[in-house]
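The two complexes that follow have chain A in common; it is paired with chain B in the first and with chain C in the second.
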Partner chain A sequence: MDSKKSRLTKSFAFIATVLAVWLLFVAQRWSERSLGRPDFLTGYALLAASLTMMLLSMRKRLLVLPLGSVARWQRAHHYLGLFAMGSFVLHAGVRVQGGLETILALLFWGISLSGLLGWYINYSTPKKLRAAGRSILREDIPTLRDELAKRAYSLALNAAGKNESACLAEHYMQHLRPFFQKRRSLAYCLVPNGRMRRSLLHDLDQVVRYLGPDGRISQSNLSQLVREKDDLDFQWAMLIRLRGWVIVHVSLIWSFYLVVAIHVYSVYRFHGS
Partner chain B sequence: MTAATTIERPNRWDHPFDLTMRDRDLEWILSLEPFSSMDRDRFTKSSPLVDIIRNDARVNRYETGDIIVREGEYGSCAFIVLQGSVRVIVTSLPIGDLGGSKPKTVSLWKALRSSLMNYSVAEVRKIAQGKDHAQASLAATSIREVDDRPRIFLQDVDAVLKDCESEPLGPGEIFGELAAITRSPSNYTVVAEGPVVLLEMRWQGLRLLRRDPNFQAQLDRRYREASLKTQLRETSIFRFIPPENLEKLSDATQLRSYGDREWFADYRETKKLDVQEKIKAEPLLIQEGSPANWLVVIRSGFARRSYQHGHGHRTISYLGRGQMYGLQELIHNVDVGVHEDQLLPYQESLRGIGFVDALLIPRREFIEHALPFIRNEERTKPIRQPRYDAHGPVVETAEAKSNESNLDPALLEFLVDNRLMNGLQAMMIDTDRCTRCDDCVRACARTHEGNPRFVRSGPQFDRYQFTQACMHCIDPVCMIGCPTGAIARDTESGVIAINPETCIGCKVCAESCPYSNIMMVEIHDARGHKLVDRESKLPILQATKCDLCQSSPTGPACQLACPHEALVRINLSNPIELQEWIRRKAA
Partner chain C sequence: MEANPRHYRRPDNQWKCGLTSSGKGCAMGPDARGRCDDKVCYPRRTLQWWRSYLPIALAMMTLGTLFVTNQTGLDRDAMAPGPLTSVHAQLIHNPSDPHRCASCHDEQRKGQPSLSETDWNSTSIGAHSQTERCLTCHARDLPRMRLASPHDLPEQELKNLSERMTKKGHSADNLLIGFTRHRPINWHEHSLSCSDCHREHQGAQHDLEAISSQRCQACHQNQFGSFAVDHPEFREYPRPGSQSVAFNHLRHRDLHFTKSNSTFDCRTCHVNESENGRVGQVFRSASFEKACASCHQAPISSSLPDGLVVFQLPSLDTTGLKNSGIDIGTWPEEASQILDGNIPLFMQWLLLGDKASASVLDAMPRSGKLSDFDVKTEVDREAIAKLARATKVLLGELAQDGQKIFQTRLTIHGQSSEDKAVMELLRGVPPDLFRQAYREWFEPLPSKPSSREIYTSSNRLTPTTPSAENAFLSGADDLLSDSKLATAFPSEPEGPVLSNSKSWKDIRSRQHLPAGGWMIDRQRMAIVYVPSGHADRWLTAFLTLGHSRAIESHASTDGTDIEKPSRLAQRLIDECLQPTSLGRCAECHQGLTKFTSVKAPTELWQAKRFDARVRDLTRFNHGPHLIQSGLQDCKSCHRLHEKESTNSQNENASIDLLKQVDFISVQRSDCASCHRPNAAGDHCTQCHHYHTNAIE
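After this line comes the complex of A and B, so read on.
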């Protein structure tokens, strides 16, 4: 029942958005016929939509006002974003001329794309994070990483003291030490993946044939630590990616408003010339 | 073989309640009522009367106006008047007069200003000193030290008593025992009428004192007179029973307590035990397959309903205050009309979780005096596929029985094992929706002048995380032992809040909270200076915790701020509500 209601609400909101864009299109045509300046109408509609979308961050700060939950505002933000995209196409078309207008268009589509990307990563990240183990606070990850590194080092040190598992210690020094003690690359943060994990675990499996019974237990423990470390790195990368996305989206928005202000000023300044 | 260290086996009375009690005091106490008339032969050699008093009691002195028991307070001790007299105030006093704080909703303007401010210093307190202190002393209550213990006292006892309904208690009389035994909030406030000497008795000692039949009878009589009938009448299915039948039912009802009332003391250790060990350690109220001779009504605490599944036990549900067990079996046996020796036994086991206090109503009295007055729609349906009949187990591996709420049995077990069913306003996060953006934490900080009152981490089951935020528990063990009553439950909203004006930073609440949801924080003055003790130069700490944004006109900011509807404040004592939320989120 609730899922049906939710689907109905979403469908209704989407249809309403499409209808609003269509109405704007009709109004634009009417304005073109009657006033000869269709851009003013679509321009102001776009500006209004953009400014309304800005209210989301205000809502997040002013929770004491009885204006509904932030989740509802966020949903409205998404549909307004779609409306803004339609308005922009009506206002400027697909091909844009002029230096300032090109910058404006690039910024607008940058915001739109980052918005769509944000919608996707906000939707998909929680599930991916859960698949990588229990929820961990971002600020706790470095400490946990250090603990894992110490445990791995101690395992390797113990192995080094025994003849039958000395090659495990050697393997640790050559292949695993950098993995446990260094942070992952920026590329990994942008596109976290399991390539290194698979490779390290595969290599560790190859060492088993040279180990005695105790060494095999240590190898198994070391494999488990590799998995845990990789899960931590994955969580870290996903959280950093989310933070990065917020910074990019917000920076684009402020740059956009700056250029919009110049654009509106120049339109009025040179109106009629 | 590893080396062992030999130590004395720890004993129950290694830590007496009062280390300073002298033999002379003890003799004096034993010469007074009710102890002078107690039959000492009734007490065992391992715990004689004299040792019970020596180890489980302490003598307290109070001055005129001192508040001894506050209405709504959860106590763990009973009090016996030794000298002087006290007044039991039956009329409700304003919570502010008792040391607690009444939540005040701040104006919209103030709340807006607070939201927009950037706090550079968190946990700022207005401390009444000098002139302010003199003004504060004009308030109804204040704190003073008596025998090195902080006491909240009424400034003008006569004025308060003039407008209230109250009755005096003199030497030999007892009070606070019901709240101590049943772990329920006190229904009254007790104030010292003049200088008074009281014997404060721990509930463990009180339980031992019940070995004396006269004392036991006195306690039972007081309970039956004071609250048993009210409790039975408040039990939903008994509401149409005529008063004379209720009287008979009440006379036949037995009162039993199971488990350890101070479960929270070693809970953090016991929670590490294996699940089956934990279940085995739980006190058994009802064994599945045993004759269904009682209807069990939970008076306080929680009980686990489970059945044998393989080599372990599968939890079906947990029962809280007012809920009952055995009703289905009793009604089945009447409705199906089976012969006396073919009666269906209990189908599941019932175990106390930590501590449980129960009423046991005998089968015959229930059938005779209560059953005819239970509405048809409230009668349970006959059991179609019994797990046990009169001869024993019916099937070896019974199919998994769904619980009433249809909640995942593993989640039920998780809630019980972590004692989360205690929470009335627990914070639960769906990690399949939560992006870890921390908007909830920021919203909390903004509402609480720069310092969040919870940590976004905690036990996790599958996709659900039960965050470390105060759950405003049914059994608020944090409230036991607060010397000033600073931590108190608001009787209207049920919210447990800490009054910063009366919190002395003793940490009792923080150490008692089994979920570590109360934090001790350093406090600052308006200029941002850390407040430090004049003598020891150590920072002054105060307890803080989630207050469910009582001062905000829009309710809990954490829930309102979540952009993904991943966070909810939910009553975990009600599995149906929980299942409903889970169903909605899964859709």
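After this line comes the complex of A and C, so read on.
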């Protein structure tokens, strides 16, 4: 029932956003016909939407006040962002000319696209994290990673003492040790994938034929540790992405408003009517 | 330091333990300033720190970049919202010129017009500063743009136009009512600026004149969705305008061309076709030489042989006068037979210019003929004597003072002696001819004429006796006769032997002056001007002056003496209307017979031509239309009023050719077949000028 209500709310919000952009378009045409300044109309609509979106950050800092849940504020922020994108297209068009205007457009689209990406990440990450296993705090992950590395090292050390499983220790040193000891690359954080996991497990499976019964048990435990480590890395990557896009999204904002201020000033300074 | 990383969960801190990422972080972590007692650990920034300070860092970088561009002067280009159109960019082309932005924008100070130079307290932002800058270049083409009102028309003129058009029967919805739709009608407070319609900085190829139809309709009450459906039907388009040359296409097609068995083809007169047959420039008004001369040159020439008598000695009965005791002094024998003739109009005009001479005309018989004088009465004999004296004085003054006397006598009281029409007339008057006539008629020739006086009554080129004013020249002749040069050059130079002077009297003026000009007509004892043909400059100047004086005659109600020349001019125009009149000007230039307003000479004589300075509301270019195969026949758009055909076939039908419109108006449907949104387009500005000074 809640899911249905949520879908209805989202649909309504989306339709309202599209309607608002359409109304702005109609107002722009009206202003055009009235020998008015349609650019001023869309420009101020865009500025108003941008400033309103800034209220989300303030709401997050004012948790004490009964101003509605942050989740609601965030949803409003998302739809206002969509409206702002529509307003920007009406205001400046798709193709932008001029140095300052180009910088402004790049900043705007940087913020907007990072916002859209964040919206997707916020939507998809909890599901993926749940699918990857138990929920873990990002701050705990290095410790857990260290524990896994120790356990993997211990297994390899035990295997090294036995002739029938010595090759497992050698395989650990050659291929698995870097995987357990080091963090994953930035590319993996951006696009997490199971390629390395599959490769390592496949290689471990190839070692089985050289192992005795005890060695095979160690190999099985080592494979399990590879899976756990990969899951941990996946969770790390997802949480880093969740934090990382916010930094990108937020870091462009002040530059954006700075250029907006210069843009508004120069418009009034040079519009000359 | 106890290693218990599970207790270390403070993501909002600015610093974190340097060993955290390896899973060996301490439980306490570094302090707020990032200091740690463990010398092995190097504390690191948290993501929260990056989130707080990265935006500030980027903003500072942006600010720094703007500061650098401003200091180096690069912000002139960076601030521009886009490249200028090519037409403006070529004028403001020098990138190193620090004042080039100021060509169009306010320059707050004399330094670089950069952001740092801006006077934030200036009140000149807005207003019309930029429009004024546009006008520094464009005011020459669009002088009325300074009004900043719709269509460059003054408010009152626009209102009058609306009222006038409403009276004519146009729907008020279709008129220029002003800012009635979206803006108040008070244009003084809501005047327009150039940038309301023309947007710069949209790229080099941007069309500044591409104004959307929606913007045009901001002021119009009636909204046009499309040309084909909503545009008002055309009324009298192309507009006939004020014609000065009476020409009726139907009469020519049905009467004159039919008689001469000629083909009536529009292109013969209106299209200038190049050798390869392609359609060239289209002329609304054809020249006389191109369109009319083939038929009208001969009748005009045949009307000119006698020329215009400017001055004539009246034929007087000098013997009778002498017997009555009245001495009129020297009077040529050729003009001393019987009392006959009349005073030419132009001469009357000149006589009226002198108060003493003007009284002579008052004593003239009503018929104007000298033969109607009753010589038996003393009064008439005195009048004849006065006429003779006035004539002699006039010729004497013309001979002595030349054009100056013309100017004095033709100028009406209260008017400038530099009257343009008078000056134009004076330009062709030859004073020496009047001098020669005076000598021939009133100074009897001696036996040995001066070498300068040639072609006189003698049958050789012989000098005449010098007059008093040429006495010094006679002395020069004497000096010459005694010199060696006289020996070298015989006193009677060799030259053509002239025929007997008596035969000169038989010379007809046209025969003597085939190209036109001035001559002494010894048969008529007159000074005659023979026009050169069509559009003779002196004759047109004479008739123009006569027309303007005739208008004054129509305007005046009292019969004061000052208006006499005007009434005389009226008689002159009346004579022009005669079928046998000189040049037969009024047959086609019927403006001569209209006295409603003072017309400029070009309006009186020339067909209406397009003036590049006049920007009509509606424009049309034949060029792209005549490329269409279906439109190459002019009659596809320009259809004659066939109803008038019957009337036009009657040669004697009385038609006011100046007022008659012989073409049916072009229909909207003629244009709408092509001018649709997805075809030739139907924007307002395709056919209409916004900046106009000729809305009618």
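Just so it is clear, the second predicted complex is superposed on the first by the 269 of 273 C-alpha atoms of A that agree within 3 Å, B and C clash if a C-alpha of one lies under 4 Å from a C-alpha of the other, contacts with A are read in each partner's own complex, and residues count from 1 in each chain.
FYI, contacts are C-beta pairs under 8 Å (C-beta built on N, C-alpha and C of every residue); 3 or more make two chains touch, one makes a residue touch a chain.
This structure is a prediction, so every number in the text was calculated from the model and none was measured.
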In the superposition on chain A, see if there is space for chain B and chain C together, and answer fit or clash.
fit
In the combined three-chain arrangement, what's the angle at chain A toward chain B and chain C (CA centres, steps of 10°)?
140
Would you mind checking which one, chain B or chain C, touches more residues on chain A?
C
Given the touch rule stated above, what does A:V64 touch, chain B (first), chain C (second), both, or neither?
first
Of the partners chain B and chain C, which touch A:R130 in the superposed model: first, second, both, neither?
first
When the two structures are overlaid on chain A, which partner does A:P142 contact: first (chain B), second (chain C), both, or neither?
second
In the superposed arrangement, does A:A160 touch chain B (first), chain C (second), both or neither?
neither
With both complexes superposed on chain A, which partner does A:V18 reach: first (chain B), second (chain C), both or neither?
neither
Which partner does A:Q74 contact after superposing on A: first (chain B), second (chain C), both, neither?
first
Contacts of A:S251 with chain B and chain C, given as first, second, both or neither:
second
Least C-alpha distance (whole Å) that remains between chain C and chain B when both complexes are overlaid:
7
Just which bits of chain A does chain B share with chain C as contact spots?
137-138, 140, 246
Residues of chain A touching chain B in their complex?
2-3, 6, 60-66, 69-71, 73-74, 122, 125-127, 129-130, 134-138, 140, 239, 242, 246
Residue numbers on chain A that touch chain C, as the complex places them:
29, 32-36, 97-101, 137-140, 142-147, 149, 183, 243-244, 246-247, 250-255, 258-259, 262, 265-266, 268-273
Parts of chain C lying in touch with chain A, wherever the complex brings them together:
5-6, 8-9, 11, 20-25, 47, 50-51, 54-59, 61-63, 66, 77-83, 104-106, 115, 118, 125-126, 129-131, 181-183, 192-193, 195-197, 201-203, 212, 214-215, 217-219
Parts of chain B lying in touch with chain A, wherever the complex brings them together:
108, 111-112, 114-116, 429, 431-437, 439, 443, 446-447, 455-457, 460, 463, 465, 552-554, 557, 559-566, 583-584, 587
